[in-house]
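Going by the order they are written in, the chains are A, B, C, D, E and F; count residues from 1 in each one.
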């Protein structure tokens, strides 16, 4: 039954989905039962598998997920996982039962249970994972789901903060763990747990070992709230108590130590491991215990004690001797039982008295004797009093701490820490018991404290009975479980051990006694010295974290704000700088002139006088544009000269088509800019920072020089182009003498296709932006629109003639300068002149041409022109040629490229006019609306 | 013989054309007020280009690819458009001018509006001087 | 809009001549295309124009054109002298010329003609279209100048554009 | 007919866009939507068909106009192109769905612009000619301008100005680089360019390097590499949700071009130019990652945060591609669609939040918003997916990348990738708790939480479902991307198939 | 001639870049225009400079590079011109809308702090 | 001989262009600059025709024709702007 494990794992997830889907109106009982079904069923399954596991078998099951990346859904049930599964499910059942009574009617029970089940599933997945990556997956899932649980009471600030803090810290650990696991995979070559556990020697010998250890331990320490990450755990107490009871006894925080146990064979056994883990564990152990004494909140006290106990477990794993591991595993088990029961008791107290503040509580044994009895027993177990389970594992801990083989300082440190831990543990247990159940009666309570409903006590009672049973009869109750778990942890290295209550008079027992006595003394001394009720001991870790995280947010915010506020100029500035650097770097380390290779290259051609004249006009007007840019009209006129000279250059340097295009585009551009200028200020405000101007001037000069150098370098090199073939094949195969046009409609017709698309979309965009816009002209001239009858009348003749010319340019385009684009603009311009001279409305009233539709039709024509060749099985845009014989007319050469070019023609004409007519007919904003601003 | 004559004609027309184009440009630089300047380029240049085109037609007919009367179309267009642009430019200048001649259809006494534009020049100069860098 | 096969005969003719001139070959295809355009162009431009120019007496156009050509050449030489000469001696002036032409096409033609003849630039048409503002580069006697324009150009134009 | 399949992803949306333009006058949004969806369905079918074809491992070469590749323009379909086309199409479906909730009526020409945008994207992915690549860059850019700005006002215009100007400047630079490349090497076909680059003479090396460098700068600025990303956050956070969601693929176009060019032209066979720019890109990619993480943490608005997450994914991809190992490229290619989908979902969620909260918009301030519970769940899944928490696709992409990182780069890459993830978690956690966890507890039933319009919900869910599908089907996807990476790293096949494909009728 | 053209491109680039970095939308548009001129010339020059040999095939002249200029860059420039025009159209309109919506023609949509203070 | 004349004419027309440039830069008023630009256009036509003669090519015809036909458009638009600010009313 290989899939049993998968079924087991999927149970809580399925249940979570089911519960989440339940309506809120459903009775809580039904929801609880639905929720409890999953862990109960899980326990049954686990029970079915138990004999095999206890017999030393390791159950494995695997489903492929991402085998190529080494991540499969492989599950593995060995002793350790078995024990943890039992814990997770068993305590889970109790928690569900408890929560049923704990939750109030205002709480959204389905939500709660679905989160809880989600968490349970994640936890199960983590312990069952047979693949380290899968373990990480579930590890992070526990972080997320615990985040949701801790923040369940979302309206409470402390809950939100606690949840965030928990997720941040454990998220950090999870990422570190991911890094560590990936490094392990790198060393071992597999993420499968079996392989990794078998490859301990390889890992320890690898040069990655310190990094692996650091990263994995970061995961462990954050999850298990070890120093210096312990601060999140008390914050997480803002969660509903069932959650705390679950997360902080059996599951969430145990995940860390579980991992430590899990990877023990692979990672432990080095000095580094020993020192780091032991030290951190010891520090945590002491700090947690010390802080616990000074808490006023019961749950706070329990939280710190949890930290302390986890420190203890960590330290045990740090000691690394087989017996220490046994003790560690044992203590995990014990701690889960008594701590879960304590949390539940705390929840009962909270529930029935309305407070968890020990300064207001006291003498509760009178009001709730049963609860008090249960809680006291559990506390004693926590303190390590004999005949209770806590005593057994603590005893083992003392034994191992005393046996540690290390340098003197370390040995002393470990011993002292262990001793202190014993003393402090008794002290805080005592504080809990004394301040809550004894002493002066409760103060200022809103409600009368009383016993809870019986079924709320049952889970506590179950656990306390277990504490007692284990404590009194360890060999009968827990021994088998522990053996199985240890076998799972250490494999062949598992030691023989026997659990007994009485080991005789020995050093550990002495330490236990010292601890008990010292703890009692300490508690009462402290009580007298410091007036515990007033003492406040802030968690500086939490404080630091909060300060720093706020600082981080603020700093990040400032940084982002500065970046975002930098605006366009900063963007462009950086781009230009990057370009300059990228352009300059290749020439570095080489004399620039030599790199460009001026000396070795063929000389340049002579320059005609006309060329110099054009050059002068171009350069001067270009510089003048810069000089005049503040006065916009002037700048526009001057830039017109630049455009004209460009056209002249194109003409001079054998590019008539370009000259034509440049000219026409120039005209339309100027018209467009003039229209825009109507709605923009006439002048630019000058920036008043000369620094910026100089900086920009410097950069622009550098850019100019750079481009100059590159172009010059390029021009002086011989060209090795494909052009000869284009020239040679143009006439015979594409039937056009104007090679440029042939390239445009044939060789590279697809470019043109894209180009007209760009043109069309630009027109659409202009239309979309201005269609409904109301703009305010910068300056409104008084009076009615001026009549320009004379030029308007003269252009009457111009329109048909330019249209004729345009058709001529279009038809001749394949063999002489011209073509669809040029022709399209050539006809758009006179229509535009009409607009200018007669006004847009007058023109559009008569000239009923739908430009928008024209754009669409043009694009479709171009498509059809290109697709025609598909009918002949030839690729897109393949040109066909057909000589049409007509009776009188003679031969008419028809090239299919003409259809495509017609599309271009229509798009350009309609697009240009769509843009310009839209810009020309912008609606002015009413004056009344201006006042509102 | 005819060839020499034609060549001479071409050269002559070229020189005349170049001269008039030059004149158009020169008057731009030399004259002091806008309404003086506009007389030069709008007509002289037009004529100059016309002459050059004429030379070109003869040239192509004689030495080149045959008769291309279509070049005359350029002249035709020029003669159509040059007045339009001159008219508009002068209107533009007029609209910027202070103390422009009033529209006689509003004040029906056309004779009153014949005025020497020496004041015009003075005024315009003063204005240019006031705000030389601002339009 | 009423459909007319030839909204404007002059325009059709112009377009045809234009096409043939431009195409530079006189094959049947070219001529046919020219005819087609002559048919189409006015139709298209009819969508843009309110009215077409009607030519009254086309015969008067030719002497006018000849006169104009001559004037352009002669007067250009005068202007050349004026431009090259000292600027101080120029007596420039704005003069409103009263118009008798009422046809807007005629007025347009007159404006162009005035501008083309050197020494004068037509600047503005009054709102009631009865006066034309002309800038003279060098004028001694305004009344004589007005009279010359009226007889030399306006009179024939009135015949062309009745 | 199958040979013409390559055309479909470009022409289908283009024709749809043009045809929708003709239908616009009818003022019937139903007609437009129907048309758009028909186009979308055809596009999806053709994209999938292309993917199936490409996954057989061959490289299809389509000669435009039946000219040999060196003379005309070629379209190329290899695994990478097909994958990008499919990603685009898959992303476009929820975006269109989202827009159909109402935005398409408010933005003039939305459907046409949207379709043409798709045509531009697909064209950029399919073309094998570098100038044609430029043209398609422009097609997609200009339609993105339209999509971004149509129906917008105020702040969106401001952001639009930045976006438009920056991209035009970048396009200008593209042209400069192309001009230099053509001037120096004399061809525009990418395969031919690659061949000629291999034979570059040492004395020409510097100037060729400069030209290539400029080309890479262009791609980096489109893909938003440090310090060329300043335009991105404002723009993306101001764009309409459906458009912002679609824009998540825009940075990927730059990355695609970068990957294509650097594997083809600067691969190990490229002689003097082998490995050109790799180290620099890696370094800058790492810094981008970290700064993007800082941006997520510091963002005051959810959509700004989402925009920085786009940046974060871009940084990750830079790193993946700059490492240039088969494994990292494969991981990057897996991560690429994931990051598109997840970030798109985030933008949609942000928009839903923004609308529900009225004046507060998507600012990260705690309130008592009656946000629908569902929004919170959507946010959670999107956030988990995008910061790379398990078990969703982001995690898989990241760990595969980290796993494939070469030993020498482990330190920096691990630190940056994991560190930025942490920053992402911190930022998104804060945002999420502030936005979705109500502050006040009231017994009174407040105003019922508004419901999310069906289209929007469907769109967001679909995107998230993509993410889940990517995680579940990670194995086949990864196998595909591995094959893609292998194909990319052996450019000789590409060159060979371009050169060996001859015209049907003409002389080769 | 090569020097002249290269220097002209350099001057256009420098002017364009300077204007591109100005703070007003219109100046930026002018800058982009100048830059696109520079780019067009640059692409154009990548076919090398040839005076008076337009690539329009004549019947009796062999179609080789000796007799005709390289046509390909010309076609590219044509595409580039058109695209630059389309882009300019869009940016011009965005500038118009920017000014209308935000009451400022500053590229970042708001006047710098100092200027705003001065206005009050 | 004719070639020399053509070249000479080119230079002379070129100097006219330079004159226009001067006016274009100096201004002072907008109509002055518009006039200068207009003149520049006309001179360019002349140069193109001369160049066509020089090369004995008719390929420059189209450009010259288009400039002659539409070159005044810039002037129209600019003048209209000066007159009314709003070029399309």
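Worth a mention:
By our rule, a residue touches a chain if its C-beta (ideal position, glycine included) is under 8 Å from a C-beta of that chain, and two chains touch if they have at least 3 such contacts.
Fair warning: this is a prediction, and the values are worked out from it, not measured in the lab.
The chains in contact with chain C as well as with chain D are A.
The most central chain, judged by C-alpha centres against the centre of all protein C-alpha atoms, is D.
Among the remaining chains, the Cα-based centre furthest from that of chain C is the centre of A. The chain pair B-F and the chain pair A-B differ in C-beta contact count, and the higher one is B-F. Chain E and chain F have CA centres that are 21 Å apart. Distance from the chain A centre to the chain F centre is 60 Å, each centre being the mean of its Cα atoms.
Remark: chain C and chain E have CA centroids separated by 39 Å (rounded to whole angstrom).
Separating the CA-averaged centres of chain D and chain F is a span of 48 Å.
Multi-chain contact residues of chain C (touching two or more other chains): 18, 22, 111-112, 122, 127. Multi-chain contact residues of chain B (touching two or more other chains) are listed as 19, 26, 38, 42, 46, 68, 70, 73, 77, 80-84, 87-88, 90-91, 135.
Within chain D, residues 131, 135, 138, 142, 145-146, 149, 161-162, 165, 169, 176, 180, 182-183 each touch two or more of the remaining chains.
Contact between chains, using the touch rule, shows up for A-B, A-C, A-D, A-E, A-F, B-C, B-F, D-E, E-F. Only residues 51, 54-55, 57, 59 of chain F touch chain E when the two sit together in their complex.
Within the complex formed with chain B, the residues of chain C that make contact are 18, 21-22, 24, 72-73, 76, 79-80, 83-84, 87, 90-96, 98, 111-119, 121-124, 126-128, 130-131, 133, 135, 137, 142.
Residues 1-2, 5-6, 8-9, 12-13, 15-20, 22-23, 27-32, 34-36, 38-39, 42-43, 45-46, 49-50, 52-53, 56, 58, 61, 64-65, 68-69, 71-72, 75-76, 78-80, 82-83 of chain F are the ones that touch chain B when the two sit in their complex. Looking at the complex, you find that chain B touches chain F at residues 7, 10-11, 14-15, 17-19, 21-22, 24-26, 28-29, 34, 37-38, 41-42, 45-46, 48-49, 52-53, 55-56, 59-60, 63-65, 68, 70-71, 73-75, 77-78, 81-82, 84-85, 88-93, 95-96, 124, 128, 132, 135.
Only residues 19-20, 23, 26-27, 30-32, 35-36, 38-40, 42-44, 46-47, 68-70, 72-73, 79-80, 82-84, 86-87, 90-91, 94, 101, 103-106, 110, 113-117, 120 of chain B touch chain C when the two sit together in their complex.
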